[in-house]
Amino acid sequence: MLHFLANISCSGMERLLKKCQIRNQLIRECMAECLGVYVLILFGCGSVAQVVTTEDKKGQYLSINLGFALGVTFGVFVSRGVSGAHLNPAVSLSLCVLGRHSWVKLPFYIFFQVLGAFLAAATVALQYYDAIQAYSGGDLTVTGPTATAGIFSTYPADYLSVWGGIVDQVIGTAALLLCVLALGDHRNSSIPHYLQPVLVGAAVLVIGISMGSNSGYALNPARDFGPRLFTYIAGWGADVFKAGSSWWWVPIVAPCVGALLGTLIYELMVEVHHPSEQSQSQASCPEDRSDKVGVELEGVEADREKPT
Amino acid sequence: MLHFLANISCSGMERLLKKCQIRNQLIRECMAECLGVYVLILFGCGSVAQVVTTEDKKGQYLSINLGFALGVTFGVFVSRGVSGAHLNPAVSLSLCVLGRHSWVKLPFYIFFQVLGAFLAAATVALQYYDAIQAYSGGDLTVTGPTATAGIFSTYPADYLSVWGGIVDQVIGTAALLLCVLALGDHRNSSIPHYLQPVLVGAAVLVIGISMGSNSGYALNPARDFGPRLFTYIAGWGADVFKAGSSWWWVPIVAPCVGALLGTLIYELMVEVHHPSEQSQSQASCPEDRSDKVGVELEGVEADREKPT
Amino acid sequence: MLHFLANISCSGMERLLKKCQIRNQLIRECMAECLGVYVLILFGCGSVAQVVTTEDKKGQYLSINLGFALGVTFGVFVSRGVSGAHLNPAVSLSLCVLGRHSWVKLPFYIFFQVLGAFLAAATVALQYYDAIQAYSGGDLTVTGPTATAGIFSTYPADYLSVWGGIVDQVIGTAALLLCVLALGDHRNSSIPHYLQPVLVGAAVLVIGISMGSNSGYALNPARDFGPRLFTYIAGWGADVFKAGSSWWWVPIVAPCVGALLGTLIYELMVEVHHPSEQSQSQASCPEDRSDKVGVELEGVEADREKPT
Amino acid sequence: MLHFLANISCSGMERLLKKCQIRNQLIRECMAECLGVYVLILFGCGSVAQVVTTEDKKGQYLSINLGFALGVTFGVFVSRGVSGAHLNPAVSLSLCVLGRHSWVKLPFYIFFQVLGAFLAAATVALQYYDAIQAYSGGDLTVTGPTATAGIFSTYPADYLSVWGGIVDQVIGTAALLLCVLALGDHRNSSIPHYLQPVLVGAAVLVIGISMGSNSGYALNPARDFGPRLFTYIAGWGADVFKAGSSWWWVPIVAPCVGALLGTLIYELMVEVHHPSEQSQSQASCPEDRSDKVGVELEGVEADREKPT
């Protein structure tokens, strides 16, 4: 009976879609990472575009914080069942260093994360084309009173030195990883998987609220470089790489350092000291590791690694 | 004993209400859709009315975003157990195309969605009658410094071209469907049913924050057309259809295109590639489809279709 | 072993407290209602006091909305296990009419709800004593540029007619009951009990955002009358009853009408039409009624009614 | 098979980290308290730094409220599985008085709570070094137009008397404990452990919204004294102890009084009157006490007390 109903609901459309099924695990993961970062940047940069082009009339700094926070939440919801929702090369790198993600996959993940951010920046530029033209008078600039490059990637505040910027990005990304690892550590606070995207979004929100003013809390090489590349191509020109004393490399390098630092702090202050209990006692390297890895981590890796 | 207590608590009032029970499934669904959209517009347009008539003193753009977001959340809570809480003709249409909702019911759903929006607009006008009179000086206008038609339906920003408006609505509605489908895809992120209304509200919030400034993120033909019809009848006149270069048809047509586009993107990037696992292996068209359909989808359709 | 540990942790303090145990169910319920409304008003009116006395520098209208919303959430958390967390005479009345609460208890509930609101207003006045003195120059007024009576109870906007105010309060309270009944209707959207206080708070938030500007969304006779009585006694004088064309009786009468209206709408549009299913089929008046009553309802009444 | 996979995922890094494992329970708890308060202050004071140094352009009072609220939430997530997440000497003291925490551990907890706050203040000063220099012109002052000491610890409003400040802190901390104890009282509202950090954060949010303007809602001796000590050493000088008529001791003493008062109120109004039911009937001092203690309480103490 149920089978019968199911067949009915199986429309022509559904059957058509089914023909497009891809079974290669890596391609699926790359598409999911790409779509996840796409959603993150679409909402994040979109909220900046709204605030900038309406001159704070239809939004404020807090709405930008909310835009990126909920962008992360929905980016994770869109991709985590498939790729584990890293959405950030610095996170992928940390996981590789910890031995929780495959080094071989790393370049693929990074490429598709940057690609997703690039495509999202293009979409935001398309959606806000009229608004950007009206606001900037058609002149796409990186600095000055009607600068619009800041919609897409981050630029440092005037007062910020390069070292200050590096410190800012290292601390910010370390704080992010600290929160994300705590949320995923099932021997500290075992949080249901469906709440983790929301709480990771909350972590991004509070970082934006408390660490956003120095240089725009990129915390993520893909989030910054993809849209920067888009602005370089789309008419803002080479200034996007020159502005802020060639700021562009800081949100690429510093988040990687910060991610590793944050990982180290959480591991050394909390996680490695958890007593190995009953079920964990036979192996010094716990087998239920995969349960623990949480949101940004490769949660379902073990299953995926198995031949299908 | 429990039975005894239950009888006691069964007051005369309760017995009276019981006599009004309607058993026809379609009527019940239509009433639920109507009430759901009513709640959505009551809170959504109410928050615009509050911001407009107090000149931003008792609210701001963010509170309008929150008003529509929580309006959606409670609209879904009010109706989803009965009708599946589409609350949006573009969503109903997408589900029909995907074969997850009956084409026969489509016109009924749309009519009652528009009716709910119309009635809610009338309620907002009633509740804010004194405020609108005081703010507008009794002159109900669509454009100008004390325009009040924007309380009820959407109008484009001055700079927006018609094509820009269409692109805006298509992207916005595609983003909405992308999020809603991800939330309902139990093989990606299986979210308890009681959290889905909250998360769909969060999706509407972030879309309002990141895509609201161009043309007011209608994303929903019923949300826009019902209140527009009300303003046409209630004294704002034919201008509501002429303003913005006859903008009125864009939030009817473009969301339908956007909903289909968003559905396609999510299906082709993520959903169709999920491996068919254990219980799903016997049928290429999974039988537990109905489990998956989630918030805006016809979750309990299968049960309802069964003879009672 | 566990028993032994428990005895150790049972300190002298704990044993002392245990001696104060009251076993009378009605007294316990009244204390819980009193404390629940106390928490609601402490946070709600406190947030108004903060916004008024800092002249919007440390808060804004949205923070008042959040103050009352979270006030309701924690008021419910504090009391619902004991009294069912009505926290509102209009809610208690509706439940009596529906036969879900005892008419005999009604006057006790109402008295302690008003008492809790009165005590909370006194606490806010104590905590903000210096601030109110500094802001008002020591002159406690109900109207005028440094009026402070509005910290405690509601007053209508200048433009609002009495009929407009009645309509406003009826619609607002009806919307509240509509949401609360939907959240508690387990055959529509069965929400875990621990989320209901949060979602009822969200309902109060959205009502404040969309229906707050006309007359301050009292929606609750105790919330308005208790603090008004306090201001009458504490130095604001008889003006608190005269202001706004003797506004004071509207937030007492209209919410009761609105609560009944909202109840009727939800019952007639959704709840009475739920099909009586399997376990419910033997009795036309469902026995698991008590499961359904949810947040503001007498959830655990049945147990409490039983002799202990 | 799973064992095999686990070994593979056990990288060199992971094995290296494992060597640093500390088994001493007290050291682990102290590290967790230290890190928890660190996170709380990093986000909390960071959000103040952002608002102050950008002169409200990238934040507002509400974002400070959110910063401390989410700071508490993530501080609890980071530490509660290990130490029970007191994060506040006043909370630790209350638990000792109630007999739910060991008096012997109290000085250790307090020291590491203060240390965490001190280190976080140093981190905020490092991250905002350029911003503070630019804002203050290099002159670190406690009062005056470009005062920056308020980024780190609390100072009273001009109008506030010392007694007013004491009353403010006593009421605020009592309200905090009232909420925290209600959230942890499993016979009132049994909330899943993973939601408690979020709801404790919400309690801090609403207290900041409704009780923040008089003296900055310290509510926590460690939160205030640690950063004050840092500012004393780092260049703000002895003024940090002299300002506000030697305000510094109030947020140390008053929260302890308030915490005890709030505990008493909740115990006497609600908790002690819960009927001892089935499983609790054999012992007047309930054995499942440890289940109940909730967020800020020593939840897993019993297990930890046991020899490993």
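As written, the chain order gives the labels A, B, C and D, with residue 1 at the start of each chain.
What we mean here is this: contacts are C-beta pairs under 8 Å (C-beta built on N, C-alpha and C of every residue); 3 or more make two chains touch, one makes a residue touch a chain.
Listed by chain with UniProt protein names: A, B, C, D = Aquaporin 10b.
Everything quoted here is computed from the prediction, not taken from an experiment.
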Common touching chains of chain B and chain A: none
Taking each chain's C-alpha mean as its centre, the one farthest from chain A: C
Same-residue or different-residue interface between chain C and chain D, half as cut-off: different
Equivalent-chain rotation between chain D and chain A, CA atoms, steps of 5 degrees: 90
Between chain C and chain D, centroid-to-centroid distance (C-alpha), Å: 29
Rounded Å distance, chain A centre to chain C centre (Cα mean): 41
Shared interface positions of chain D, touching two or more other chains: 60, 62
Chain contact graph, described as a line, ring, star, complete graph or other shape: ring
Pairwise chain contacts under the document criterion: A-B, A-D, B-C, C-D
Complex interface listing, chain C residues touching chain B: 60-62, 65, 97-100, 157-161, 164, 167-168, 171-172, 175, 178-179, 182-183, 185, 187-192, 195, 199, 202-203, 205-207, 209-214, 265-275, 283-287, 289-290, 302, 305
Residues of chain C touching chain D in the complex: 2-3, 5-7, 9-15, 17-18, 20-23, 28, 31-32, 34-35, 39, 42-47, 49-50, 53-54, 57-60, 62-63, 66-67, 70-71, 73-74, 77-82, 123, 126-131, 133-134, 193-194, 197-198, 308
